[in-house]
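Read through the structures below before going on.
Two complexes are shown next, each including chain A; its partner changes from chain B in the first to chain C in the second.
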Partner chain A sequence: MQYFKVLLVFFLLCSASTGFAQTDANADNKRSLVVIVNPTVQQDSISTEDLRLLLLGDIRFWKGGGLVTLLIQAPVSWERDTVLGEVMKMSEPQYRQFWISKVFRTEAASGPKVVLSNEMAGILVSRIPGAIAFVDDAEVPPDAKVLKVDNILPGEEGYPLVFK
Partner chain B sequence: MNIGGKLILIFVLVVAFSGANLSVYFWSKSKSNNAIEELRLATEVQIALGETQRGLNDLSKQNTIMGQFVSGTEDLALHPKDIERFDTQTNVVAESISRISSSVGSESSKELTALSSKYEALIKSWRRFYLYFGRDHTEALMELAINAEPLANEVMQIYLPALIQAEESRIKLARENYATTSALTNKLSTSVFLGSTLFLMLILIWFSRDLMSRLTGLQLGAEKIGAGDLDHRINDKSKDELHDLAESFNDMGGRLLEARDKLDEQYRIVNEQRQRSQHLLLNILPKSTADELVDNGKVAPQYYSSATVMFADIKGFTLSTEKLSVDKLVEVLNEYFTEFDKICDKYNVEKLKTIGDCYMAVSGVPSRNLSHCADMILAAMECIEITKQLSSREDYPDWEIRIGIHSGPVVAGVVGIKKFAFDIWGSTVNRAARLEASGEANNINISEESRSHVKDLFNLIPRGAIKTKDKQDVAMYFVDGLHSSLLDGRIPPRAGFEERYQVYFREDAQAFPASLENLSASK
Partner chain C sequence: MLKKIVFAALVSSSLPSTATTLWESDDTLRNVNLIGFAHIDVAQFDSLPEQQNTQIDDGFQEARVALHLSSRLSSRITTFIEAELTVTEDNTSDSLERWVVKYDIDNNSQISAGRYHAPVGYWNQYYHHGRWLQISKDRPVQSDFGLGFVPAHYVGVMYERKIRTESLTIDLDIGLGQGREADLIIPDFSSPVTVKGKEAFVAQINVTPNKNRKLNYGGSTWVGDLKSSDGSTFEEQVFTAHFRYSGITGDFLAEASAVKHDSQDARGNTSNYGAYLQYSHRLSVMEGRLRPYVRLDYLDIDEDDYVFAGLQSQDRQTLGIRYDVTDNSAIKFEIRHDDLKDDDLSIESIHGQFSAFF
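And now, the complex of A and B:
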């Protein structure tokens, strides 16, 4: 019996520790979406609205010159889902349909390029002039140029691209 | 210039203007063809540019869409056939660009060169993208983003629009050239055609009017000359065939005038001779008989149921032949008979002949009338009166005349073919001669037949039946002036006589002897 009580206590303790751990983990799951650009891009900051317009292909050139090359993660990635769902408020099919129509209506000379990982995004952003990509704050390449969003850097208070 | 020269000149002008019209037409056509060719080339370039733009768009869309695919796995790598299809597509565009280069104007060559070089670079970039696609996604995207899309952007947003704009300017210029050329050539063609037509029309109108007016002048001149106006001359101052023709007409008119003058002179001479002959003929023949003889060459004998014949014989002529010379005798006799001739003419009495000192006349022949006996008695009275006057002259013989008159039927005509004379035949002639022989000097002895014609006009003194030379008893009467009823003093004797004469014979008296008028007044 004593053995069961010890086991029960141990179980409860384990369960409690697990629950606490889970609670801490959930608190840490808030991830920031960092906007990285090629260093040739002269802008340092972008507004949330301009970011949305850029994702919709309505902004094709950077302020100060240079063609925008939009890099976006492949489907089912967190970054892509977050960008589509939170920033653009679109589903995957809607987004695809939107871009295919835009390209076929010749309203856009180029479309978003699919990258397979944050690492690839970092590499391509560093090598393609005017490129922009959205990466997890944990995987921001060390030499990448990070844009402020609404003049707020990732990690600072009020950064708008913070999602679970 | 002659008419032939004028016609040749007009022909040359027509040919020259036709040549000018043709030249303008061919020049216009050449200009229009050039403009159309220019327009056609520009249109072809536009079509080729459209095809190029469409092809580039298709390729660009295709690659843009492909850029959204994940291509990191080998199974997504493009099949060689897809590469071939890509090459085909790019070749189509390249052919379009090549067609543009063959048709494009020199003003667009810079844009075309830039387009061609950029397109070649773009094709290479796209080809690399295809080759990387499915094999190395990073390189594929880098090629697409770094090279292909900026190149495609340049080509489609800069060079192609620049070329299109240049060609649009060219086609606009070609259209304007075509419109300008068409308007110019149309105006020029119309102006040259209208100008030449108007000029030729004016020339032809002038020529035809000149020709027609001169021909009309010639026609009128010819008609006038033909109608006998030989003094008319056609006035044509030009130096051509019509002038020669007018001169010929004028010469002909002149010659005709000369000929007519000669003919008139000849006619005048002939007429004078004819009149002289006619006069001579009328001296021996009555006018109607002379006309018949002239017309037919002979005179048919005519029967007159009633005519009056007079014989007048000069009493004392035989004695005069012994006293007067022959010349004087003939001269005096001629004077008497000349006066008798005048009296006969005056009373419409036809002198027939003289036989020695005997004067024979007839009345009522050849023109028939009812007053023949009265006319003859009036003439006889005047012959007696003139005889008295002549006899009273100094150096003139003391002659008297004895007149016998008888009325009755006679036959008149002309006999013989030489020295022919108008004469009458019948018993009336003989009776008249008997009456003359039975008469007295300065008296008019008439027969019963004559008396019946004039018994109401003259006072007649019966002589009873007197035996003539042929032993016949013939009732004779002396005429003793006018009838007593005409001398009653109510109206002048002459007026009364003439009134009665008109009532009896339905014609006016030819004349009235003055001596008879005086005699009547004295009574």
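And now, the complex of A and C:
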């Protein structure tokens, strides 16, 4: 009987831990977009509205005065799809046409620079003054300067750039 | 590490994006970028107005390339050049359409100088010579560069300001300079009389509600002096209004304009009106690459208007379809019905165009 009780407790604990593991796995299905910037950028935080304006090319200068260089992932990447679909509410053709039109209307000299991977984004952000990029939270370069969004760091409760 | 950076920069500059970077400084603050538009037009008419026989004919209409160079000269100074090469059956022409030098004062304001497309009306300001950008094959009648109903070009200075309120984003352009560089030719004389613009003031406003960014509405005004080669002078006032809803599937654009000419030497005061409505719908079939569209054009020219003596009142109905062959090229087909009021002539025509962005 004693053995039975021990086995029952063990079984329940296992079930509970499996349940917790499943809960953690569900949580892991959510990924965060992390905003990384060149260390020369003086700002430590940016609002979601300013992020959107920055992606639209309407914010061209940082608060300290440096020029913004926007890096964005190539098409068919989770980071790009999420930035376009969730942050900007635009389709891929709309975004592309938006920037072509913006350059043609003399509102910008060029569109965002395209990067192929989070690693490439990290390298270019570290080297280009005023550069900004969006990377997956699992692939943030170790020495990158991470911006708070709405004064919340990635991983903290309420971080706005969390998506499935 | 250095190899990685060089490789990353090279790959980055060669990836498909919105402009081809031809050159960039090491700190990326200065660069030269190129984008281009090209199109070829064909058409078939059932009849042609006599005085236009030399300009339009069946078959090949024109091939045109518009090259747009943009360059960041420093972190705050940029320059833009649009040059165009046009080939028709009878003629080959090239022109420097725009050349603008711009200084960024801050995130919300810019000041510039140069030769612009006059910011009079939505179409002038948003499509320029990029046929691939616009859904339809041609510009609306009231915005046709060749017709000159609203001013096409302008040389001067411009102040651009973006004003953000809690509910609206307002784009404001204010300019001062010289307008209508021989846009108009009056043909009804033994030797053609040309009309040139003198001083002009222009202002345009475009409003976007923050809660519905698919909507745009606004208007523009233009006040300028005109002088014809036979010595007559006029004050010209242009007023336009526009409304656009640009959804993922449906796209609606409406624009109206009024052009008034007040003669300074007893040729009278006249008013002329133009308008168009355009709707297009992206079909869900064929990966959303098919977009049928319809446009109604209206132009009402005062018979006593001396400056517009070369124009005539006109109605046009257009039914067309655009097929995006690739992400940067499109084929467009149109059926048109034109009513030319002075000639008392109705014209049925079909049109085709291949347009591309590169």
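The criterion applied here is as follows: the second predicted complex is superposed on the first by the 137 of 164 C-alpha atoms of A that agree within 3 Å, B and C clash if a C-alpha of one lies under 4 Å from a C-alpha of the other, contacts with A are read in each partner's own complex, and residues count from 1 in each chain.
By our rule, a residue touches a chain if its C-beta (ideal position, glycine included) is under 8 Å from a C-beta of that chain, and two chains touch if they have at least 3 such contacts.
All of these numbers come straight from a predicted model, not from anything done at the bench.
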Chain C versus chain B on the shared chain A, clash or fit after superposition: clash
Which superposed partner A:Pro93 touches (first chain B, second chain C, both, neither): second
First (chain B), second (chain C), both or neither touched by A:Val162: neither
Comparing the two partners chain B and chain C, which touches a greater set of residues in chain A: C
Chain B versus chain C as contact partner of A:Leu153, first or second or both or neither: neither
Touching partner for A:Phe104 - first (chain B), second (chain C), both, neither: both
Common ground on chain A, meaning residues reached by chain C in one complex and by chain B in the other: 67, 69, 71, 74, 96, 99-100, 103-104, 106, 108-116, 120, 123-124, 127-129, 131
List of chain A residues in touch with chain B within their complex: 67, 69, 71, 74, 96, 99-100, 103-104, 106, 108-116, 120, 123-124, 127-129, 131
Footprint of chain C on chain A - complex, ascending: 58-61, 66-67, 69, 71, 74, 89, 91, 93-94, 96-97, 99-106, 108-116, 120, 123-124, 127-129, 131
Partner chain A, residues of chain C touching it in the complex: 4-5, 8-9, 11-13, 15-19, 21, 27-29, 31, 33, 35, 68, 70-72, 75, 78, 80, 98, 100, 102, 104, 106-107, 112, 125-126, 128, 130, 133, 162, 213, 248, 327, 357
Complex interface listing, chain B residues touching chain A: 57, 60-61, 64-65, 67-70, 72, 137-138, 141-142, 144-146, 149-150, 152-153, 156-157
